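Scroll down for the structure; my scribbles are underneath it.
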Amino acid sequence: MLKIKGLDKRFLVNGREVVALQNIDLDVKKGEFITIVGHSGCGKSTLLKIIAGLQSQDVGTITCHDRQILGPGTDRGMVFQEHRLLPWLTIRENVGFGLQGIDRKEKERLVEDHLRLVQLEGFGDAYPKQLSGGMAQRAAIARGLVNNPEVLLLDEPFGALDALTRIQMQKEVLRIWEEEKTTMILVTHDIDEAIYLGQRIVVMSARPGEIKAVIPVESSNAKDRGSTEFASIKKRVLRHFFAEEEWAAVEYAI
Amino acid sequence: MALFTPAILPSMDRVFKSFVEMAASGQLAEDVLVSLSRVVKGYVVAVALGVVMGTFMGMSDFLHNFFSLTLNAIRQIPILAWIPLIILWFGIGEESKIAVIVLGAYFPVLVNTISGIRQTPQGYVEVARLYRLSRWTVFRKVYLPSALPQIFVGMKLGLGISWVAVVASELIAASAGIGFRISDARSLMQADVVIVGMIVIGVLGLLMDKALSLVFHKATPWTR
Amino acid sequence: GLGENVPADNPAVQGTASAKPLVLGYPIAGVDFIGGVAGLARELGYLDEELEKAGYAISYQGFSGAGPAVNEALAGGEIDFAVYADFPGIVLQSQGVETRLLTVTNEVMHAGIVVGPDSPIGGIADLKGKKIAFPKGTYVQKYLLQSLEAYGLGQKDVELVNMTTDAESALFTGAIDAVAHVDGFVARIAYGEAGGRIIHTTRENEDWTGSIILLARREYAEENPEAETAFLEALARAKAYAKENPEEVYALFGEKEKLSPEAVRHLHNLDDSRFDYYPLELNAKGLAKLEANMAFLLEEGLIRNDFDVAAWNR
Amino acid sequence: MALFTPAILPSMDRVFKSFVEMAASGQLAEDVLVSLSRVVKGYVVAVALGVVMGTFMGMSDFLHNFFSLTLNAIRQIPILAWIPLIILWFGIGEESKIAVIVLGAYFPVLVNTISGIRQTPQGYVEVARLYRLSRWTVFRKVYLPSALPQIFVGMKLGLGISWVAVVASELIAASAGIGFRISDARSLMQADVVIVGMIVIGVLGLLMDKALSLVFHKATPWTR
Amino acid sequence: MLKIKGLDKRFLVNGREVVALQNIDLDVKKGEFITIVGHSGCGKSTLLKIIAGLQSQDVGTITCHDRQILGPGTDRGMVFQEHRLLPWLTIRENVGFGLQGIDRKEKERLVEDHLRLVQLEGFGDAYPKQLSGGMAQRAAIARGLVNNPEVLLLDEPFGALDALTRIQMQKEVLRIWEEEKTTMILVTHDIDEAIYLGQRIVVMSARPGEIKAVIPVESSNAKDRGSTEFASIKKRVLRHFFAEEEWAAVEYAI
């Protein structure tokens, strides 16, 4: 449903050109779960924002259901890398921010459900600045989920979460993906997470930001963190991160 | 040079006596009520116009470019120079006095609103765009609260200028009002009355300013 | 041989080091010209000459803010002499600012009532129920109230509107029906482009006229009697010049006041070029008028204390 | 009612003719120079005072509480009412005219500066506190750049008000200046001159406003 | 050198009291490397800010070199959870922000060195908004390191970094710690990281935020990610995160 073809994106930083994305090709099927990993600054967030319709590419086309993406649409939701909670809305209002045109009662129910889901019951009336970093990130996840969009773009959504909360959130996202058949594109730095969640893992390289490899996670066996498939996929992904000479040293540490 | 000439700066004693006299005769209350009603009317119109126009100009580059040249030029032109035209368009009744106050109070509100709206962090606007909220909702939920502190500064300044403008407005055919009283007393060298007028306006303005601050405080719980 | 219009904004830079400064203040109504005999004395250079002889350097300071602004400057000690209408002078003295009346320079300052060109109003009697603008606190107020009374109209029979500069705008837009104002203002409307009709003037009754006085800060006057003498001498020379060269004087007034010849004649040719309305002395007639004006101001509540007019000159 | 009465709103033709005449005689240039010099002096003083006081009041709660009542009261009092006192304290020379302009332009700068400084995100102030930077450095590196957009709004408003105040200031003993010319023309019923004055002030003010915007743009490269 | 005794900190959130910290006791020796792990919202950032002197406790005492901490001091540096780069300063200026009273040349050299250290050469003249999330975080790390304070407080400094950059940064921090004998207190959600870096691991529990356990990482053997000591310490830490009944299910996934 999502077709990206020959995407280029450059930024001007102090007169110098920074190539954020170069020649990106990617087809995402409906209901697929894609994870993206790559070096810091390689253009992952930029790619997500272009898909969301918040930025425009310099070159290339990107279509959703065969229609050019020219701007944001309610079919695509996004959780930003920074939480972007509106400081003047309470957590409850922030979570319900994008919910429009539905019954007030229904809206309240949905918001409460999602607050519970991200374990923020009791903080509905707090303002963003009264939350810890991880709590704010969870509120942002709730805001992204509550709208139930067809495509959900998640930019390092669990980065500020502790191990336990993270596992719980991962499970919730998987559950929603299975139940709602949402197409998910998730950026992460945690390779375990990328394998655990993704059906395909997109590995990107930095400056210019290109797609180095797309690694499928086929058998459900591979989702098992103890399995050899898991370990072998992890190795394949990591391999792309390191230069030959480093690899030997790092391999062992994994 | 004398810093205190009783003809211009009378003793506090004398000022107090005048105040008591003016208050007792009921004249002060009448003047205050007349001017207050003008200030309130003009101020409300100025705030409404300023916030609405400022929002449009802040949110739309097209409208900004379209209007800003004219409005910026008008903004520089002295109120006193406008008075003949104001008489032409609004007559010499209440409308003309209110028009003068609007002319004075409008621009601080407008300029601050534009700036406040334009400084809304793009990150938040993007969130609203993401959800394809209507322009009105984006305004209400993103631009307005973000610009509120600065709009409020414009409203504070506008309120002060309303009181400043009331004197100019009451140079047009007025027979009551605190601004008229001050001009009248000035031409009659009644310094005590001038000072009473200044103090009354100062205190009244201060009270309204405080009231505004209170409303603002209530309206922005997240800043606490 | 007309004197140069010296820049008046900065009195301090003028005159030689030894000459004592004298600052003369006067109201400006549109043109930076003192008006009347004092204006003539200045333009002819007599004022500068006479005062220089007496050891003074005179500078001139106009006030767009008119009488009140002149009063504020006198009270603040910023000017020493002032030539203006008797009303603000009386107001100042009555407020306890110590001044000295030096002379009356003009004892018949006329005023009038003007209406729009197409107005059906023909005379004061027609003003019943009409809106009349007038400058409050000037001799016009006295004229208006007294002439209305003379025609059987009380304050309740008309709608009086206090307006100073913008009365003409209001008249042209029809916001008001008539303007009572000083002679110059009335002439400006009547002889101006838009036109207007004078329906009445103080020429009907001299009691309604105002007068122009020369006033000094008392402290300055007492310390500088020579300045007063020299000043009065210059005025006397100007009056003499006017008597001999009336046409030149009218032309000068016309040029300085930016008025047409017709308007100048209306305003200044009051006694067949004898210029006796510049008395330049304190006579009984002048004092009586000041007394009457002070009484009016008191009665209308425009001043709160009276004073001894006869002693004002001493 | 007629919206255009030639006596008040003359034809553009006539206005243009007046403009050419005034320009040719050199009077216009003189008036503009005189007023411009007053505006620049008064404005510079107002901005300096406003930014300095505003910074102190924005950074220190004590100073804010200490001054704000008085300043807020003064802010409401009409300029015209101050004129007798200004004559008393500053005479009738240039100082008094500049004082009137300062009085007008000071408050927009002050109020906007205070608000801008006070709205500096606490997170950034904490970083500066962490490194125990001197108050001056904190001001220069944190408060000032953060408040700059709003200070700039105050400066824009102050500039406009300077031109508005120049007319009031030239009601005090003046014999040249564009404000004086307007008052004069008003009493002479020379509507064309009034309009020329308004246009000249409008254009001049606009140019200065644009210059200010340019300076601001250069001074805040990070907003681009 | 750092002695924390009976620290309590409460916040008012919408009239309701939230206990952020309760009865915190902790002694940190000079030159020690402490890592803190705990649930999102358990008070880790609050504790760090109190040590930095940016917030004040409600109850309890905290001393550094036996002197009460009443405010910030140049002896303590901090890297915040949010990057807090000043938007109006270039990256170079941001990194040199706290460097005062030293020679301009020396300052320039130090800043350039640290930019290189966090791999931001070439972005010195960029403004923060032109950086990606991870790049901004690295700039913030450089700002924290450049001052070389006696105590360095790091609040999830590597949260937004990819695997490779993260490993490199960890190594740099360890190198600086060893060379400069800086006392380090680092908050992290990555338990591997906590074990790899810390000499002692402080495990905190949420609401009220208390110290549940302090786990020493004694033998240098334990730093080896492949060793059994590493695995056993990891288990000990994780154990505190999960309730008995969850533990069985999770244990396996590690």
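General observations
By written order: A, B, C, D and E. Residues from 1 in each chain.
One rule holds in what follows: a residue touches a chain if its C-beta (ideal position, glycine included) is under 8 Å from a C-beta of that chain, and two chains touch if they have at least 3 such contacts.
Here's who's who by UniProt: A, E = ABC transporter ATP-binding protein; B, D = ABC transporter permease.
Because the structure is predicted, anything quoted here is derived from the model rather than measured.
The set of chains in contact with subunit D (ABC transporter permease) as well as subunit E is empty. Looking at contacts between chains, the pair that accounts for the most C-beta pairs is B-D.
With centres taken as mean Cα positions, subunit E sits 25 Å from subunit A.
Our note on geometry: subunit A versus subunit C, Cα centroid distance of 85 Å, whole angstroms.
For this pair, subunit B (ABC transporter permease) with subunit C, the centres built from the Cα atoms lie 37 Å apart.
Distance between subunit A and subunit B (ABC transporter permease), defined via averaged C-alpha coordinates, is recorded as 50 Å. For subunit E, the set of residues touching two or more other chains reads 82.
Along subunit C, residues 72, 75-76, 165-166, 169, 172-173 each make contact with two or more other chains.
Residue positions 1-2, 5, 8, 83-84, 87-88, 91, 183, 186 of subunit D (ABC transporter permease) are each in touch with at least two other chains. Looking at which chains touch one another, you get A-B, A-E, B-C, B-D, C-D, D-E.
On subunit B (ABC transporter permease), the positions that touch subunit A within their shared complex are 123-124, 126-133, 137, 141-142, 145-146, 148, 220-222.
Considering their complex, residues 1-3, 5, 8-9, 69, 72-85, 87-89, 91, 107-108, 111-112, 115, 119, 149-150, 152-153, 156-157, 159-160, 163-168, 179, 182-183, 186, 191, 194, 197-198, 201-206, 209 of subunit D (ABC transporter permease) touch subunit B (ABC transporter permease). Put simply, subunit A touches subunit E in their complex at residues 11, 13-14, 16, 37-41, 44-45, 81-82, 122-123, 125-126, 130-135, 137-138, 156, 159-167, 189, 191, 225-226, 238, 241-242, 250, 252-254.
Touching subunit D (ABC transporter permease) in their complex are the following residues of subunit C: 7-12, 25, 28-32, 61-65, 69, 72-73, 75-76, 78-79, 165-166, 168-169, 172-174, 185, 188-189, 192-194, 258. Contact residues of subunit B (ABC transporter permease) toward subunit C in the complex are 1-2, 5-8, 83-84, 87-88, 91-93, 171-175, 180, 184, 186-191.
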